[in-house]
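In the two complexes that follow, chain A is the common piece, with chain B as its partner first and chain C second.
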Partner chain A sequence: MSISEILRSTLLIGPEISLILTGIILIIFDPLINGKRKNELFWIVLIGLVIAFLLNLERLHTEASAFSGALSLDVFSGYFNVIFIISSFFAVILSREYLITMNLKSNEYYALILFSTSGMMMLSSAKEFMSIFLGFEIMSISVYILSGFNRESIRSTEAGIKYLILGGFSSAILLYGIALIYGASGTIFLDEITSKFDVQNPLYLAGSALIITGFIFKIGAFPLHQWVPDIYEGAPMTVTGFMSVGVKAAAFAILLRVLLEGVYQMDANLIYVLWLISAFTMTIGNLGAIVQKSIKRMLAYSSIAHAGYALIGVVATLRGEEIGLSSVLYYLFAYTFMNLGAFGVLAYLSRDGKECDNYEDVSGLWSKKPLIAIALSIFLFSLAGLPPTIGFFAKYRVFLSAIKADFYWLAIIGILNSVISAYYYLRVLVYAYMGEEEVKFPSFKPASAFAITVLTIATLILGIFPFYSWDFALKAAASFLPN
Partner chain B sequence: MEDILFYIFAAASVAGALLVVTHNNPVVSVLSLVLTLFSTAVLFVFLLADFIAAIQILVYAGAIMVLFIFTVMYLNLRKEALAFDSKSVPIKFGILFVILIVVAYLSSLGFKRGLQITGEGTSTSTNFGTVEGVGEVLFTKYILPFELTSVLIVVAIIGVVAIAKRRFN
Partner chain C sequence: MLAWLVLAPLIGSVINGLLFASGFWKKLIGGDDRTERRIVSFVGCGVILISAILTSILFFRLFSLDPIQRQIFEELFVWISSGDFSVKIEFLFDSLSCVMALVVTWISLIIHVFSIGYMHEDRSYSRYFAYLNIFVFFMLILILGNSFPLMFVGWEGVGLASYLLIGFWYEDKEKASAGRKAFVVNRIGDFGFILGIFLIFFIFGSTNFQEVFGKASDPSFMNVVPGVVITIIALLLFVGAVGKSAQFPLYVWLPDAMAGPIPVSALIHAATMVTAGAYMIARCSVFYTQSHTAQIVVVSIAAFTALLAATIAITQNDIKKVLAYSTISQLGYMFMALGVGAYAAGMFHLVTHAFFKALLFLGSGSVIHALGGEQDIRNMGGLRKFIPLTSFTFLIGTLAITGIPFLSGFFSKDEILGSLYESGYVIHWIVALMTVCLTALYMIRLYIVTFEGRTRVSNNVKSHIHESPLSMTIPLLILAVLSIFGGYIGVPDFMGKVIGIAHSNVFKDFIMPSVFVKETVTSVPHLFGHWSITVLSIISAFIGVLIAIYFYAIKPSIRESLIKVPIFSFLYSFSYRKWFVDEAFDTIFVRPFNALAVESGKFDLKRIDGAVNGISEVVVKAATLMRSAQSGLLRLYAAFMALGVLAILLYIIYSA
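Right, the complex of A and B next:
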């Protein structure tokens, strides 16, 4: 690869580079600015994210390959980058006042969010296992640190350490799988692996299985879901919101890439394995969510369930149903708005270093903060999949793809699960609208209020007029599946 | 001969890694890590990756381990501070160890079979494993992973600072 090729490739990864540079600028300027003005570096973060978003627009209608095939900068990666940038943009805005409330340092926090996002963006485009692994680790290690960011809270520290150890274990499994595949094929580029793939060779099968296991862990799907509730509950609220949408979407992006472009010949039974994983993930997530006393933990279980719904689309895609892929993409897009919104409301209601955690903490919200109560209800309606929100349309598409692929039982299990889920989402609203306990709510927080407003409007508008964003998902899916 | 040496050093590497996580005394853990890294370096030599083996010993087994040992001794950890239910640990690790060996054995069978089927290993050029060879692929074909590694290290450093920094009010 010549120097001009390297330069050309570097110019193509503008979005990633702009986020990394913004992160480094934050770290350099943080010690130079003193006192309260440190918080104003927040604006640089937003500018960096906007620049990344604008540079990423280029990727939505072109297709390019960079670094001798290590990166595939296609519409698929552009689509996922939009999800990552949106989730980190709103996570940053929501964090501004949350960090002050919880008395946390802001600039390292923002830098880690930016680095994590750049790792996710690498994952969405990488087609070579070393870059995949490094992107995976950049994303994960930033999030491990963010989970344990609140050093004064035992829960947060515990979450950080737990996530580090369990995540390290899953990374080791992933790396083992990569090593086996490399041993068998002598290459780490997905294209070459696909052409050399040999179903008779146990090395490929063991390797692919281990790699998929590593991704399943990050998605938080059954049987590797046990870490999710503890870590989501312990981590700071905005971090939980960020990782429940960003990290999950990135893990889905790379799972789809490796499944569909790398090891799709693996085994005909793989589809049934994923079928079972999807069904169990939905059911266990929902059953777990019912019995929770903490809203945050309930949302953690619900995020397990949502991973299960999205996996329905993956199963349909493997059956060759093109609408399956676009429905997964759309589901992750929709989930970003509604879940980040729900966590955003909880972050808004946190005050004086104490998180809004239990059901009692939202008691009487409607009488004191009616607008926030309305926003919360829209997010929860959307998570439950009630029309006219974006969540309804996303779930409808996922179930439709299962039916088109002749997986009737999977669709039925999914629909039953969504009915169950309505119970625990609406239970929050019962407390918010009818609770009579005296709870003090924080005063107005402009930045968080702005983010929540935008997310609410997006959840509603995209639910009422879904077709523009749905076309976008279709386009991304079509670029990925050329046939 | 080479086979026997390979098994000896592979076993030493795994045994060292197990001692790192199971031993109660942190100094012993750190020294076991040296054993692991050194044995891995020997395995690199078998793969004709001389340069990587030398770097492994110089940087990891040498420089970084010295820092580790300094830190552990500086912290002056007592045994009680690290005591955990050590009775069940050998059994759990034993089970895990047996499973891993079975997987490794099965995959080594597959590896041999894979080589028979394709009839080729990884091709080696004349400067394979030398400084030139490593440098050339590192700065051309694998420049992206190389740069991503530096981002990963920056993240780790920021993380250490963010977590370890004491708050001065």
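Right, the complex of A and C next:
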């Protein structure tokens, strides 16, 4: 690789660089500033994210290749970067007061979120296995630390360690898969693998199965879902929110890229594996969510279920249904707003070092904090897939893609699951609107309130006028699908 | 501009509903009831004023255009797009919808203002205005929507608003069930309407007004469509109109709908919503004009309804019930005109009726308000001395509806009777003529019993009688002026000639480009000419007036002795019991359906609920079972992971 290629490529990855630089600035300046003013570095984080967002806009209409084809800076990756930046932007805003409430250091935390985001962005554009693995690890290791960020809490520490060990396993599995593929093909570039792929060769089959399993872990889908509830419950609230949308979307991004650009040939069998995974993931997520006593744990199970819904679209895509890909992309986009919003409300309601966790903790919310109660209802309606929210439209598109691809049973299973899910989502609202227990709620938190307001409006407006954002997803999908 | 005119009432409703009726304002800001009510009234009336002003501006803009180009479109966005089926949110402002929109917005404004005084003591003041505003919003969607689905949205929306407002005092079980009755009966009509829309889409491949009506008036297209299909479409749509506009046999909900507050009866159940059926038929004129069968059905049902309701109105003692039956009867007139293809005459009567019927209802509201809730006219009498202004305006309304020459009702009624006769529907014309006489009879009776003679009000109440506040009397005066002069926009041409104006029927000329009419050849020769028809209807009105004055003012004793004669006593109870229609409905529909419902209820409780509960138990059991696998032990998770990876690996390798 020549120097000029490196320079050219470095200019192209502006969004990633701006995040990493912001993270480094935070780490350098944090010890230099003392006292309360440390919190003010928050604004630099936001500026860094906004710059990354603006630089990323370039990717939405041009296509470029960087570092000798290691990264493909296309609309597909640009689309996912929008999701990542939005989710870390709101996670950061929601964290500002949450960190103070929970007595946690802020600047390391923000830096880790930024590093993790840059890893996701790398992952979404990676076209060869070394970059994929690198992005995967940058993203994951930051998140491991974030999960155990609350060192005072046993549960948070436990979550961090559990995640590290199990995540380590999954990375090992992924790496082993990469090694097998490399052994069989002699290359790590996805497009070259496609051309050499041989269904008769067990090395290819085993390799791709292991790679996909590694991604399935990060998605939190069956049969590698068991870590999700424990870790989501233990991690700090805003980290859980960030993980559930950002990490998940990144894992989907790379899963789709590897499936569609790397191992596209082995269609039939992979479809049925993913079909089963999707159906089981939805069902297990929903069944698990029903019996929970903690809202946070319920949302953890619900995020398993949502991974299952999004996988429906992946299955449809593999069958060659064009709308399938855009419906997955759209689903992840929609999920960002509604799930981050739901976690945001819980973060808002956390008080004096104690998280808002159980159903009883939101009891009587409507009579004391009506606006927050309305926001919570909108997020939960959206998660349950009720119109006129964005969640309805996203689910509708996913199910529609399954029907168009002739996977009627998968659509039926999805719809039945959706019905089950209404029970546990709306149960939160029963407590919030009709609960009579005396619960103390925190006083007004401006930053979180701002984030929740924006997320609420987005959940509603994008649900009522879905077509503009849908066109965006269509565009991203069209630029990516092999013709 | 069209969009804002429609949206303004919705915004008002959202503010009044979500901010005030929900108690949100109190929670967030607090403040006393008085300021809150002031804001509610200001918002509630303000948004209607905006709509009304915008409508008027658009009216002038429309009027300045060339008659054949009088159409203003405004497209907002594509609402539904699915295969061949696509519906745009698009509004159409032509002369037909312009007339309706003017009536709806301005009458609504007057009635909103009236409501400020009438409802001032009600606990749910803000809820009332939220409902009233949402009604106007849906009514405007109905009128201005440029496709059948959009019209249907408005159609259902006004039904919803009507249901909510009839059952406004829902703590009273009887009133709540009146709301339910209106809703259920209307469903029957709506079912017909929506079937009609399906058939239209099936035949014409579109639901947009321009495309459908364009094809329907195109002879080359219509040659391939069997005539019977057009008749079926026309009749299905008419079923919808019968429900909404309270024609026989679906009129039974309207008298019960009087359970709502009076301004609601005036606005929804007299001036605007119930006329939606007439508007819809005028809009779909192309189907009716081309189907003689449908026309005969419409005219016959309308004539029968007009006569039936008029005979019932004579003996009712509840002031609102009399007016309700009168509304049904007057709607019958409108449909008679529409049925013979005299769309302009029907629409004209719609407009004048909106004036005088709103006046009468609001007048009766003022009476009821003064008497502290009394509605039985037997407990009234002699009220003219106590509430002179109300009594005077009520008299104007009475004379207008009676068809006394040169008031508004006279011109519109004369148009209808004339068109009936000229189109050859002589029997229907005679029925209409009889109804004119009956109308005069029951209206003058109502006026005399309520306002004239010795008072029968108890002393207790008498001391409290007071004229209503300005916010109520000013609307009465405005409506009275409209009831007197409102008819001059449509003076029939032959009358205009006498005073030397060639085209005096401005209204007709304005409406005609929006409706589809065929050049008809009059089959009945002009035996009398226009004037003689007019004179006949004046005579029959005066006969009714004289009978009423004789029996109720001059010689009430004769009436009492007449009632004792068997034949009259039978006729009296036949009318008083409303032709036993309610009883018949009860035996034919209500009781069997109730029995069926009770049985289904039992089945539902035992079998269906049993099955549902069974399923939910299974789900919970499965969930609990699954939970036991979630032990929290790291090594167990790692083992599960390994198993999962192994399973996927084996499947992929062995199925290849």
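Operating definition for what follows: the second predicted complex is superposed on the first by the 481 of 483 C-alpha atoms of A that agree within 3 Å, B and C clash if a C-alpha of one lies under 4 Å from a C-alpha of the other, contacts with A are read in each partner's own complex, and residues count from 1 in each chain.
The rule is short, and it goes like this: a residue touches a chain if its C-beta (ideal position, glycine included) is under 8 Å from a C-beta of that chain, and two chains touch if they have at least 3 such contacts.
No experiment lies behind these values; they were computed from the predicted model shown.
Contacts of A:Val199 after superposition on the shared chain: chain C is touched, whereas chain B is not.
Of the two partner chains, neither chain B nor chain C is touched by A:Ala250. Once the two complexes are laid over each other on the shared chain, residue contacts for A:Ile6 go to chain B alone; chain C is not touched. By the touch criterion defined above, A:Asn269 lies against chain C but remains apart from chain B after alignment on the C-alpha atoms of chain A. Once the two complexes are overlaid on the shared chain, A:Ser68 sits against chain B while remaining clear of chain C. Touch criterion met: A:Val291 reaches chain C, while chain B stays clear of it.
Common to the chain B-facing and chain C-facing surfaces of chain A are residues 200, 202, 206. The residues of chain A lying in touch with chain C in their complex are 162, 165-166, 169-170, 173, 199-200, 202, 205-206, 208-210, 212-213, 216-217, 222-224, 226-227, 229-230, 266, 269-270, 272-273, 284, 287-288, 290-291, 367, 370, 420, 465. Within the complex, the chain C residues that touch chain A are 24, 27-28, 77, 619-620, 622-624, 626-627, 629-630, 632, 634, 637-638, 640-641, 643-645, 647-649, 651-653, 655-656.
Those residues of chain B lying in contact with chain A across their complex are 103, 106-107, 109-111, 113-114, 117-118, 120-123, 140-145, 148-149, 151-152, 154-156, 158-159, 161-163, 165.
Listed in rising order, the residues of chain A touching chain B in the complex are 1, 6, 9, 20, 23-24, 27, 66-68, 70-71, 105, 108-109, 111-112, 115, 118-119, 122, 128, 130-131, 134-135, 137-138, 141-142, 144-145, 148-149, 151, 160, 180, 183-184, 186, 196, 198, 200-204, 206.
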